[in-house]
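Both complexes below contain subunit A, partnered by subunit B and then by subunit C.
Up next, the complex of A and B:
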């Protein structure tokens, strides 16, 4: 995975695979503390302590942990290569939270990449999911709430051609404002 | 700058014009496991959605599947037209999508040389 935004997509897919009805993604680009922080919080079925200890090791993944697979170990590795860390807190029946931190200015830090494409994929592929994301760059934030979009949509599908065009513009416009007008 | 208010107006406009068709004639399924994502599933989906918007295709339903154990064939895209077998395409890249949409989805012609599987219900 060349982009951290692909890890975000992968982890949200893990969450929905674990039966989550709500997922919240927080991305913070904090130049002041020289940190990039990504958090994925879900209310899926969660994991016990033993499983949490195992999920970042690609070689102990068994059929029961197949939903986790290689995604988390790879992300864990990039954080540690960039003076950061990855932490997982989870409880059976309550959900899972993944916190990942990288040094923002680290030369080996993968780019965040195309967040608009990741958000669009999550929304289109998971129409039943209550998905929220908050993306902060310095003082600026973009809040996305799938409930707000579905309320405006009524019974129209997101894949209606005119709606797809709107979604594309909505995500790109709002994300580009975070970077002072130009897309990341 | 597009807003959610624009979306509300868009819906009202579409409803007045009666331009909405709900019946899905074609289902497109994209593999979105870690293997699929690493192989480029997000970009393949983006290309599919761009084609749907560009050609104003109304009757397509796009869904996802997880890892089905054929990771080496990702990105996997399945196309199911009503009353027809489920056709699986392997190693799909965004540049194949315009052909796939025009041939199979719009004109109903299976792109035989890219097919890796067929399931008849």
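Up next, the complex of A and C:
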């Protein structure tokens, strides 16, 4: 996984796999503190302390039939290579929060990747999920809330071509504003 | 030539000594991208990398690599060494840079052929 957005997709999949009805993704590009922070919070079934301690262990995932993937171990590795860290807090019945931090300017930090495509995939693949995201670059933020989108769309499903096209443009425009693009 | 003889010839420090080192030297693979190693390295090969995270042991074990050489003076993390011993993955380290290890390894590997 050479792009961090793929980790986001992977982790949201873990969350829904753990029965989460709500997932919140926070991406903060903080040049002031020279940090890139990604947080994924869910209200899924959570894990006990023993499992939390083991999820960054690649052998947990490769030897058992649990489909967790090499996702978290690889994320753990890239954060540490880039002066950061990965922290997981979780409790059974209370959901899981994954916090990942990289030094923003670190030469080896993988690029964030295509966040518009990632957000679109999450929304389209999980129509029942209450998904929220906040992406902050310096002073600018882009807030996304699946409930607002579904409210605005009424009965229109996200999978309809015209709706998909609108969603694509909406996400791309708002994300480009974060990086100094023109206000729509 | 066995992997153990290869390790001696390159003056590697063996941090996880397993029976895998008694296999014959059968080529190598060089990359620091784990996904490439998983997709392209072949069983029995020696993997030369400067990653020290325990994920290297997982990849070596999945591919069935002969040994892993961590180069450039990178110290494999404690968890990595423990996992290598536990999973019987041969793990060596050296101060030599990857370029030099790869060059010497290639010479050893092709000399007898």
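Please note the rule applied: the second predicted complex is superposed on the first by the 176 of 184 C-alpha atoms of A that agree within 3 Å, B and C clash if a C-alpha of one lies under 4 Å from a C-alpha of the other, contacts with A are read in each partner's own complex, and residues count from 1 in each chain.
To be clear about the criterion, a contact is a pair of C-beta atoms (placed from the backbone, for glycine too) under 8 Å apart; a residue touches a chain by one contact, two chains touch by 3 or more.
Predicted model, so just to flag it, every value in this text is computed and none were measured.
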Subunit B versus subunit C as contact partner of A:80, first or second or both or neither: second
Partner chain(s) touched by A:92 [first = subunit B, second = subunit C, both, neither]: neither
Of subunit C and subunit B, partner touching more subunit A residues: B
Contacts of A:143 with subunit B and subunit C, given as first, second, both or neither: neither
Which superposed partner A:70 touches (first subunit B, second subunit C, both, neither): both
Touching partner for A:31 - first (subunit B), second (subunit C), both, neither: neither
First (subunit B), second (subunit C), both or neither touched by A:53: neither
Residues on subunit A lying within both footprints (that of subunit B and that of subunit C): 1, 70
Residues of subunit B that touch subunit A when the two form their complex: 1-8, 10-11, 14, 20, 22, 30, 32-34, 37-38, 42-43, 45-46, 49, 52-53, 55-58, 60-64, 66-67
Interface residues, subunit A side, partner subunit B - complex: 1, 6, 9-10, 13, 17, 66-67, 69-71, 114, 117-118, 120-121, 124-125, 148-149, 152-157, 159-166, 168-170, 173-174, 177
Sites on subunit C touched by subunit A in the complex: 33-35, 51, 53-55, 57-58, 61-62, 83, 87
Subunit A residues within the subunit C interface of the complex: 1-2, 57-59, 62, 70, 73-74, 76-77, 80-81
